[in-house]
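Two complexes come next, and they have one chain in common, chain A, joined by chain B in the first and chain C in the second.
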Partner chain A sequence: MINFALDIGTTAAPESYLFYVLAPLSVLAAMGMLLVKKAVHSALLLAWVMVTLAIFYIAQEALFLGIVQIVVYTGAVMMLFLFILMLVGVDTSDSLVETIKGLRAISIVAAVGFGGLLVTLISRATFGRDVVGLSEVNEQGNALGIAELLFTRYVFAFEVISALLITAAVGAMVLAHSQKTRSQFAQRDLSIARFRKGELKDAAGLPSSGVYALHNAVDVPALLPTGNPAPTSISAVLEARGDMIESTNFQLKEEAEEDK
Partner chain B sequence: MSNAEIIGQDPGWVIALKGVLIFAVCVFLTIMSVWGERRLVARMQQRSGPNRVGKFGLLQALVDGVKLALKEDLIPKSADRIVFVIAPIISTTACFMAFAVIPLTGPVNFFGHETVMQMTDLSVGVLYVLAIASVGVYGIVLAGWSSGSTYPLLGGLRSSAQVISYEIAMGLSLVAVFIYAGSMSTSEIVAAQDQWWYAVILFPSFVIYAISMVGETNRAPFDLAEAEGELVGGFHTEYSSLKFALFFLSEYVNIIAVSALATTLFLGGYRALPGLGFTEQWLGGWFTLVWFFIKVLGFFFVFVWLRGTLPRLRYDQFMKFGWKVLIPFSLAWILVVSTLRVMSQKEAPPALIATFIFSIALIYVAVATLLDRRKVAKEKVARNINSLEPDFPVPAIPNTRVEQING
Partner chain C sequence: MPIANYLYLAAILFTIGAVGVVVRRNAIVVFMCIELMLNAANLAFVTFARINGNLEGQIVAFFTMVVAACEVVVGLAIIVTIYRSRRSASVDDASLLKR
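Presenting the complex of A and B:
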């Protein structure tokens, strides 16, 4: 395996370049995630933050963790999130009206406070201390080291967590699943219903829209044998919206009329 | 010396040159595979295919590329401009990145420097390919969403649901390979296949991988994402000119990439066919490249063959197949493989192993028979329902020929 972090304790030159390029980008993306208006853009910026985090993990000798971060978070979790965003149609801008007065100020103070707490705690725990034991745990390779811990020392916690996650997934499915009391009204039922109406006038379905030499779109009604337009041949929505074109425009004119 | 150590000694210029070469080979292969696919499909459909530009129409793909580049580049008014431009870039970048960990040759002499044609050798190389593939889905989803139109959105959602579902089956099929090779690094998996290809000893895994790689690349018969009868062009309906060319490129590079991974994992990578091991030393090791590409192009031929032979699956059947057939089957198979592996590592008596294999085969036959019986019973019920007279008025069936003609 390639050693990205060459000397433990002091950051190697390639790693520090990587950090100075990617860290500002990832912070910018994280800020942007909060500030952009479209929900899909936020989700994308979050995905980018996760990818940069994965690169940082890889640069810090946690190769397996970095790759799994991309597979699981960027690939699966964010993708499902994006999916829901798109299906629900939250591509309109968020409303920025404060529903509770002063909520914005309170939340900013709380966020800054929490951030400060995290930064001080982590910096007290890390700055000025030597990193130890990294080469020992990675001796047999990163994936092997993690596998050994997961399947020996932490095997119980690991299994409990997986049982919990499966329970959560099944629970979500049970909650979201609505029992169908009757079968779906499908094409077959529709056709049976047409025949049961008593008269067989509509048994073959509604007539399709008009086909003319000059126009054959869905917005022109077809002609009945009597020469009148067939009202059922175009969608009621088009008629209500005023998008219907009169079929008389495309009818064959009398010769006398054409000569004029 | 392992591949990782060899690559670790590469000076900068070798790495850069290798990167350029691999990229160039990918692009060249894509262009030629577009031509090859059109010719092959044409032959399967009793046509000639492109044969006007150059000898055998060889330059057809090049001319098509020029045509695409000269077309007007449209961005729909309702599109999300930034995402619309980024989407094809993500798609193309991701599919090229997968090649970084594929070993194309054994040790070769590269301008006087001993190296292997592989950009980098990660200890979790195969997982890296899966990770990159999952990033590539973003290109498709975002293209569908940002077009601001219904059909692309539906196509994008379909294809991402498809890729995510089949990625699970694909990942599970790789587990057996990891267990047998004892590594997730591509070069070590190739090295572990010096005796037997994994396509032979892990045949069910190979079949699962082969099916899911067609699903993963959105190709016929699983090309529901761009089902032209239903969705116009799917996620790339609104794309034109070079942006469309990028999607086109990434589709073919993706095919080559999954084929290359299949070759690496199941067909012994750059190794020669059994019995021809002496050819690996020809041309200072460069002949292994020929073996590698013969295998990859074999996969590509199967892709084209599938396209020429099979009709498209219906979406719900396709999803049912992925989730209810491929995934449970591969889970059961992993259980069998890992049990066998532990048995052989603990040196269990051969009688025990034979009993285990026999009982597994028995269970398989029993389950298959049960499923088959239920299917037959269901068909019987369905036949009974269909034979009943409907309880609503239907026009009388005409009896005589005259009645049939005159209605």
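Presenting the complex of A and C:
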């Protein structure tokens, strides 16, 4: 029989309540991350898991790491994930259909085996002594204790990490940079294109929209010398959306009678 | 509550993340699952720091966070590059070597 409560100390009651409330919630959110279809929902569930982990860090006397967890993970990393989701958008990769036959069953069996192995290993491990706790090393504050270690014994690792950060930033810029295959159309290019189009009707540019005594806007077509509205004087987008106003609305009544 | 419960939680979260890497096909979700595994490892580090009564575990967790941030930046840039050329973020579609 596996003993699930080996001799590495216990926590105070409030921390136990915190754990028993938040741990199932975080496991549920992590499971939901696998089961939900949309990647955005996965990202939000992962953000929740990270917030609960931050609370656990703070409960375990790692105040600095708890704050860093919230700022770096839920703040920066998850926002980065959401930005990339916005760039990439929704496509077929969101579907939960399994492409390799039996993959899901095999992975669940493997997960139960792996998880069971980890849990039994932890439960059978012994330290032979009680939990020391961090109250002694955190005497001057957690951040000060970490800073003392970080800038003395681990200062070389700290510098190497900074080099890694810079390299990662440069690498991301190089990877995400894309060379433009053609230059952007300038006014000169547009003018040349108009003259080379074949017919020279629009060579001087499209007519501007209608300007009337009662109405002056881009959604009213201008009138041609014949009295008909000029469709090219209106943006194709406005026309497609149905946001066009008939220019006959603004003609004087007497003129209309004279035409008859 | 025994402190080892934190270690059990870390083990469970790590396992869930590992399943996610295998099962999901969206490259971004796979990446999130890797983040989950890194976070679970961090929780174990913080718990062991408390058990052992020194801050070295927290220092390692701190370094893990920085490395994870770098990994996310470069990984997401790669995903965006693949998406630009193949119009898909599915890990199944990046199979040029297979054909």
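Just so we're on the same page, the second predicted complex is superposed on the first by the 155 of 260 C-alpha atoms of A that agree within 3 Å, B and C clash if a C-alpha of one lies under 4 Å from a C-alpha of the other, contacts with A are read in each partner's own complex, and residues count from 1 in each chain.
FYI, a residue touches a chain if its C-beta (ideal position, glycine included) is under 8 Å from a C-beta of that chain, and two chains touch if they have at least 3 such contacts.
Remember, it's a predicted structure, so these values are computed and weren't measured experimentally.
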Which of chain B and chain C A:77 touches, first, second, both or neither: second
Touching partner for A:136 - first (chain B), second (chain C), both, neither: second
Partner chain in contact with A:68 - chain B first, chain C second, else both or neither: both
Partner chain(s) touched by A:165 [first = chain B, second = chain C, both, neither]: second
Contact breadth on chain A, by residue count: chain C or chain B: C
Partner chain(s) touched by A:27 [first = chain B, second = chain C, both, neither]: second
Partner chain(s) touched by A:107 [first = chain B, second = chain C, both, neither]: second
Chain B versus chain C as contact partner of A:154, first or second or both or neither: second
Touching partner for A:185 - first (chain B), second (chain C), both, neither: neither
Interface residues of chain A shared between complexes with chain B and chain C: 64, 68, 76, 80, 87, 91, 142
Chain A residues within the chain B interface of the complex: 1-2, 38, 40-41, 44, 47, 51, 63-64, 67-68, 70-71, 74-76, 79-80, 82-83, 86-87, 91, 141-143, 192, 195-196, 200
Residue ranges of chain B touching chain A (in the complex, touch as defined): 4, 7-8, 80, 83, 120-124, 127-128, 130-135, 137-138, 141-142, 144-145, 153, 156-157, 160-161, 164, 167, 184, 390, 392-395
Residue ranges of chain A in contact with chain C within the complex: 4-6, 8-11, 15-16, 19-20, 23, 26-27, 30-31, 33-34, 39, 42-43, 46, 49-50, 53, 56-57, 60-62, 64-65, 68-69, 72-73, 76-77, 80-81, 84-85, 87-88, 91-95, 98-99, 103-104, 107-108, 110-111, 114-115, 118-119, 122-123, 127, 131-134, 136-138, 142, 145-146, 149-150, 154, 157, 161, 164-165, 167-169, 171-172, 175-176, 178
Contacting residues of chain C [partner chain A, same complex]: 1-9, 11-20, 22-29, 31-33, 35-36, 39, 42-43, 46-47, 49-56, 58-59, 61-63, 65-74, 76-81, 83-84, 87-93
